[in-house]
Amino acid sequence: ACHGQREQTAFEVPQEFDMSRNYELTFWAKNDTNVRQTEIYKQAIADFEALYPNISIELRLYTDYGDIYNDVITNISTNTTPNVCITYPDHIATYMTGDNVVVPLDDLMDDEKYGLGGNELLFQAPTKSQIVPQFLDECTIAGHYYALPFMRSTEACYINKDYVEALGYTLPETLTWDFIWEVSEAATAKNADGTYVLNGQDVMIPFIYKSTDNMMIQMLIQQNAGYSTETGDIQIFNDTTKDILYTIAQHAGTRAFSTFKISSYPANFLNAGQCVFAIDSTAGATWMGSDAPLVDIAEEAVVDFDIEVMAIPQYDPDHPKMISQGPSLCIFNKDDPQEVLASWLFTQYLLTNDVQMDYATTEGYVPVTLAAQESEAYQDYLSRSGEDNDMYYDVKIAASELLLNHTQDTFITPVFNGSTSLRNAAGQLIEEVTKSMRRDETVDEAYMDNLYSEVAALYHLDENTAPSGQEADLGPLPPMAKGLLITLGVVWILIILYLIAGKISAIRNQPHE
Amino acid sequence: MEEHEVYEKIQHKTNHRNKIQKAVTYIFLTLWALIVLFPFYWMILTSVKSYGAYNAEHTPAFFTLSPTIQNYIDAFTTVPLVGYLLNTAIFAVATTVIMVIVSTLAAYAFARLNFRGKNLVFTLFLSLMMIPSELVVITNFVTVTNLDLRNTFVGLVLPSVTSVFYIYLLKENFEQVPDELYRAAKVDGTSDLKYLWKVMIPICRPTIITITILKIIECWNSYVWPRLITDDPAYYLVSNGIQEIRENGFGRENIPAMMAAVVVISVPLIVLFLIFRKKIMAGVSQGGTKG
Amino acid sequence: MKIMLKNLTKKFPGRSRKHPEDVIAVNDFTCEIPDGELVGLLGPSGCGKSTTLNMICGLEDASSGSIFFGDENVTALAPELRGVGMVFQNYALYPHLNVFKNIQFPLENLKGKERLSKGDMKSRVLEAARLVQIEDLLDRKPRELSGGQQQRVAIARALVKMPRVLLLDEPLSNLDARLRLQTREEIRKIQKKTGITTVFVTHDQEEAMSICDRIAVMNHGVLMQEGRPQDVYDNPANLFVARFLGTPPINVFHGTVRDETLFLNQAPVLKVKGVSDQDVIVGIRPEGFLLKSDGPLRCHLERIEVMGRDVSIVSTHSACTGTSLRSIISSESRVDTAAAEVCFSLKPGKVFLFSAKTEERISFEIPGQPLSKGE
Amino acid sequence: MKIMLKNLTKKFPGRSRKHPEDVIAVNDFTCEIPDGELVGLLGPSGCGKSTTLNMICGLEDASSGSIFFGDENVTALAPELRGVGMVFQNYALYPHLNVFKNIQFPLENLKGKERLSKGDMKSRVLEAARLVQIEDLLDRKPRELSGGQQQRVAIARALVKMPRVLLLDEPLSNLDARLRLQTREEIRKIQKKTGITTVFVTHDQEEAMSICDRIAVMNHGVLMQEGRPQDVYDNPANLFVARFLGTPPINVFHGTVRDETLFLNQAPVLKVKGVSDQDVIVGIRPEGFLLKSDGPLRCHLERIEVMGRDVSIVSTHSACTGTSLRSIISSESRVDTAAAEVCFSLKPGKVFLFSAKTEERISFEIPGQPLSKGE
Amino acid sequence: MNRNHKKAWLYLLPALLFLIFFMVYPLIDVFIYSAEEGFNFASQSYFGVGLYNFSYVLHDPYFLQAVQNTIILVIITVPVSTGLALLISLGLSSIKPLRDLYQTIYFLPYVTNTLAVGLVFMILFQPTEYTDGLVNMVIEFFGGSAVDFIDGPYWAKMFVLCFYTVWIVLPFKILVLTSALASVNPDYYKAARVDGTPKWRVFTKITLPMISPMIFYLVITGFIGAFKAYSDAVALFGTDLNAAGMNTIVGYVYDMLYGDSGGYPSYASAAAIILFAIVLTVTCINLLVSSRKISR
């Protein structure tokens, strides 16, 4: 019985930051799709350490948010969590099932000396009001701030405009789902020799959606259908979802639609002239277009085309809705409040204009502070769109501007312990349906019911995993489990009987020998 | 004389059958050899395809006309592969050395010395073979962390040292050394430890070489534990490296570069194996013969 | 160095639940081995020879009794301190060391002031090797040697540390017949040359008899008889010893003594002066028969085997306990192979009487002993 | 079934780059084995005995020459078709099958019209088992048998299919001396009972001489001599054969013949009628010496060994090629152990002369042969 | 004697220490976890002590799926790999030229990284946007119809998993069996030949029984190894094995600990103990059968 609670006292902001002591902090970050991001982190750390020579920061880079999540979870048990960590709010909700694991930031933010823009800071930090409110709001869990936003992006639709026009369509001001489906269907026409009319190649996937969980979430939210409540009640298994899935199934059946998991990176297809609509994060903009600074495919496979960056398709073009996503920063609690304070200082430093600017320009990200967004340097950056195909790559800047222009239209989904699973489940529904269609299975009511229950089970959505969880009533043992237990029992009885029989016969035989 | 001719016919038929049998055997063996070799061929082939060409391939190509060593360069530059190789070498050697010493002592105790409870302890040892290592990782992680040994070679090595199977293999092997030698050495005034060192180990050298190499292979490929226990790239092993390259090349799954990395890290093992092939085979079979 | 074994006993605890009884491997063994002699320890398989030897060298602890080397009681001494050399049945050469290193091995274990310099070691090894004539094999590995050569290496290894006592546990049983003959002579020679008190275990009586100064015959852990080979052969203390020594083995009959005359199946065959009337077991050595057409022992002739220099007559007699009776006569004598019967007279010195009950020897007077001893 | 080997030769290709020369294991071997006889194939290790046997049973192909079973040329026939039974040195009993199943094994292989019913098989197995007296061991596994019993099982297995020829490859070499004696007699008995032509390989001359009807002595792949054992012993065709047969081995001297007299070191020792003057090698069997105080052969006495029934005198003589000279005389004779010299006269029939060049036998007339044969 | 005892324990000490620290103690920990109902890493708390974890795991369809997968995998791969290894070893021992070469080739998979080769296998079997994959191309070349091996029907995925497992475990088995075959005294074969035994009978009646201890050894270790399968599946189907329906018991344990929905050592421990019970049972049966076969 050694796995009891590791009680940690709640954090209280110290009066004074003790500059006479040395602090060693760990910072877990994800380096995204670009090696330059690593350098920016390192630069930021170096600059910060120059300001605070008594604080040293160790950077550990991950390639996947999931890995960060897993490692944090395992490190909670050994009390070796990092000090600062880049993560999704969803994950924070799970970290918080332990008491006082994650530091609530309300007091810190408001602290006069060391709070946001506080007067004892050695650098120019943004004030609370300078953080884009929508983005900051995303960081509240149960009424408290548990994170600061670090970068934000949304999804964009990258379009091969040439193809759309070749098919006889013109792009509307705001994309609608109907438009996309229609054009995509039209693009599936084939020549007699099996090649596609549109591009003359063997391959054409008119519409690829990279992140199917976002696809499902946005489609539901755009229709005001149920996804989940704030408190974590799951509503995704509803009729709207079914309708969506039927639609997707229909277009997957005609091969007009595919996903990243099934095919591959949308950018590869788009650039190779094998795709018309590619929906991917704005953070992936540097890969998109024939002049993209980063390409995955052979140069000779890239086709020349006019690219258009637009907001994701909508059901109601007048009230566009799109997801806001991107990493946030959270701070883990430590026994030493001074250490937490040091972490907080570093966290704030990551919101300073330079860091924000530098990081945002690596990809189609948007700085989370108004200060950075409005800074001259950033404006200058935006204005130089298209100057070259690297730093000022037009698609990348267009993607950033997309979010800047639609900040009001972004939304986020409720965060609770289990929201990650729900998100995964949402994507899984689309993946499954698409896969089934490609295998020529029939997608009907029975299929849907089955799908719902399987996905619910897979992500443990059918049970209560609240932290103070109680034994759920699990019902009778499934027949297979029963079979397993009975088989084991019977086998052991037989083994014991056999051994006893052997002993008896050995004893009986003994006198004869 | 007639009977004689019948014999000749039978003889002829037998010869014919033998030939067919030979041919079938060779075909079968060759077929399996191809199945075995193909993934290796594919690995090497992919490692010399350029990233772009690989991604734009419409049908998998069985050969490439424009091999590139870019992937190898990438493998060495995007991650500090040399450092990882070095780490892995240190880790593998340290683990193996300790493991061999510990296992040899234990196997010697089981094979040569008599003490109460020997059979019981040995049975318990053997039953530990049934435990999947994934199971104990988590507690070990806690232990090692509490000992403050994360991101140290000590932390990497210690839990990897235990190896019931090798103790078992060695014990079986030791038992095949005639008891007489032990008695002779005793009469000659040799201590137990000296006997172990001067007689037992030299005689069982093939097996010891075998377990050494098998353990090195195991260490070389180990992934779960190193990943968990190191978060400092200064202690990363090659398997972490592969995983990193796999995802990290350009932030995307860069399979050719990964294959290049795999080729690079496999080469030492394959060379090691080719050098000690005879000894490994002899050792494994010797240890195994008693089942 | 004289060796004294006093009431030496070894019990092994019962090995399993199935066999819980203790095994008494050696039972109250008392014997004195004179300094510088070669003593053969002889007996059937499992009679406790190896166990006795192991106790002498200290590899087994005695359950009771004591062992003296000279005047020193070594019963509780560890083997490495007893200063004995031992040659094992399969020689127990270290397979990974060459001959030189094998011989050197015991020297490397010497500690303290006994420790030798490299050069001394080498000269000691060479000396031992010369003694057993393997100077030119020093570089070889044991597996590159013939059985006989291996044996000599083993002896050299046992000798090199100049043991007080040399023990050999069936050192010849792995060799083929020819090599055996040869190596046993060599052992004899070396032992004579070095004068080390030597105990030699074997279950082959011929071997023991031919090279040993003295032999000790054991059975079921008990010492049956001990003495010079020819004495034991000529005067076996009991039926077991008589049977055990001699090839072909002694012929055994059921007989009775009446009026100081030995009867086999009612037929009187020999005068046995001084023996009271009783049922006896009669042992007659194969060479104890004399072909004599009017001899008292009439046997049914089975066949005749000529084996180079001897002729062996195989016949049957109803009082004989074995299936057939084998007598050896010089190949110069003539036998009528066609006849159904052969008649023998007996050489009294080759006839032994044993009590039918205890199987102990019953001696009788022989009028004029025709046997003369060589030495 | 008579076996004829005509000019049988076996070459093995050179085994490695280091030893590229062909090994001629058997060289132009011609011999006839009469029907129903037990023939011993005899020779030192590596002389080609096993190879010859393997060619007879078909496990090795002959390089040239031919093999006849009766009139049938079987040289190219596969072993399974030859109908031979073979007993291997280590018996090659299938360890996982009990005795019954081991013996039954060859019968289960029979096909076509030769196929036996279960009952027939059983009775054949039992018959074979009875023949070798192992009826009560049928349930045991081979490892639960003694060496001798295993050997009998192996013979039963070879016999059960009623082979035309029985081949035994050193079947006794794994047994201890005592068991060897016993089992070789059994082989003899069984062979006589069944009357199957049998070839028996051994390198032990005593073994071969004691049980075989005929022996064939090989050396370096070449047949040296073939004949009845006693004939070969009494009339060796060359020095090799003379040396190879007899224990203790023959004593060999350098000698010269002058004026039909044999001189050893200038001392005349024997009249050898009909031999021209030349250097010769002289072989004298140990039993060829007679103790005679005025005997012509004066030797330096070394020691006397008493071995039960015989006395063996070990002495040296300067013309002798061995280190010592061994003579065996009956234990009844008296020897003066204190004397420095012994003098012998020689039995002419036990003295052989060989050409110093070819080592072939040179025969000479013996005035009156005192030796008489048993049969 | 007593001195000897102490010495023996001294020799054992290092191994014992290591095992107790890093094997036995964790195992005890596993049992403790398995009794702490619903313990999870994040909250570091549980809601009771009892058998709830077992009940939970046994109710979890993914655990049952994993059990099913594992058992199918074991039942298929152990006999197939042993049989195939036997065939190959027999083939190897019956040829002379090229034997060394083949032997070396067959051993190669032993020295390579499972993860990497698994990836190659995945590439070989996986359909791409452009083709149905390399293997399917071969199948189609021979007139068959393509199957989605990585993402397709259950049997196809199982086939790939089994195939890969066999490919991976074969080298060791071939090695052991070839040397077992080589250690059979050739006299037995000669004797059988002189007795005119047909090849098949030689195999079943002599070869097989003679090497049966080795075969049992391989079967027992094979069972234990196959029950512990995990990384092979990951290499082929990626880390989300539950979604692929290809999870194994160890995979389930691993996911419960470190997977996306991980952090539940209690459930993981319960699953692991059930696995241990299964392996123990199978091993006991194996030992009983083999001791019986060999002693008879």
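The chains carry the letters A, B, C, D and E, assigned in the order they are written, with residues numbered from 1 in each.
Everything below uses one rule, namely that contacts are C-beta pairs under 8 Å (C-beta built on N, C-alpha and C of every residue); 3 or more make two chains touch, one makes a residue touch a chain.
Note that this is a predicted model, so its numbers are computed, not measured.
Where touching is counted per the definition, the chains common to chain A and chain E are B. The chains in contact with chain A and with chain C alike are B. By number of C-beta pairs in contact, chains B-E lead all other pairings.
Once CA atoms are averaged chain by chain and compared with the all-protein CA average, the nearest chain turns out to be B. With centres defined as mean CA coordinates, chain E is found 58 Å away from chain C. Chain B and chain C have Cα centroids separated by 55 Å. Centre-to-centre separation of chain C and chain D, using mean CA positions: 27 Å.
Residues of chain C in contact with two or more other chains: none. Of all residues in chain B, those that touch two or more other chains are 58, 138.
Shared contact sites, meaning residues of chain A that touch two or more other chains, fall at 74, 77, 202-203, 264. Every pair of chains that touch is listed here: A-B, A-E, B-C, B-D, B-E, C-D, D-E. Within the complex formed with chain E, the chain A residues making contact are 1-6, 66, 69-70, 73-74, 76-77, 94-99, 101, 202-203, 205, 258, 262-264, 269, 420-421, 424, 428, 435, 439, 457-460, 467-471, 474-475, 477-478, 480-481, 484-485, 488, 491-492, 495, 498-499.
Within the complex, the chain E residues that touch chain B are 4-5, 7-9, 11-12, 14-16, 18-19, 21-27, 29-30, 84, 87-88, 91-92, 94-95, 98, 102-117, 119-121, 123-124, 128, 130-131, 133-134, 137, 167, 172, 175-176, 178-180, 182-183, 213-214, 216-217, 224, 227-228, 230-231, 250, 253-254, 257, 265, 268-269, 272, 275-276, 279-280, 283. By the touch rule above, chain B contacts chain E in their complex via residues 21-22, 25-26, 28-29, 32-33, 35-40, 42-43, 46, 57-60, 101-103, 105-106, 108-110, 113-116, 118, 121, 125, 127-132, 134-140, 143, 158-159, 161-162, 164, 167, 192, 217, 220-221, 223, 239, 242-243, 255, 258-259, 262, 265-266, 269-270, 272-274, 277, 280-282, 284-286, 288-291. On the side of chain C, the complex with chain D involves touching residues 173, 176-178, 181, 203-204, 206, 209-210, 229-230, 233, 245-248, 285-287, 304-309, 311, 328, 330-335, 337, 370-375.
Interface residues of chain B, counted against chain C in their complex, comprise 178, 180-181, 183-190, 194, 198-199, 202-203, 205.
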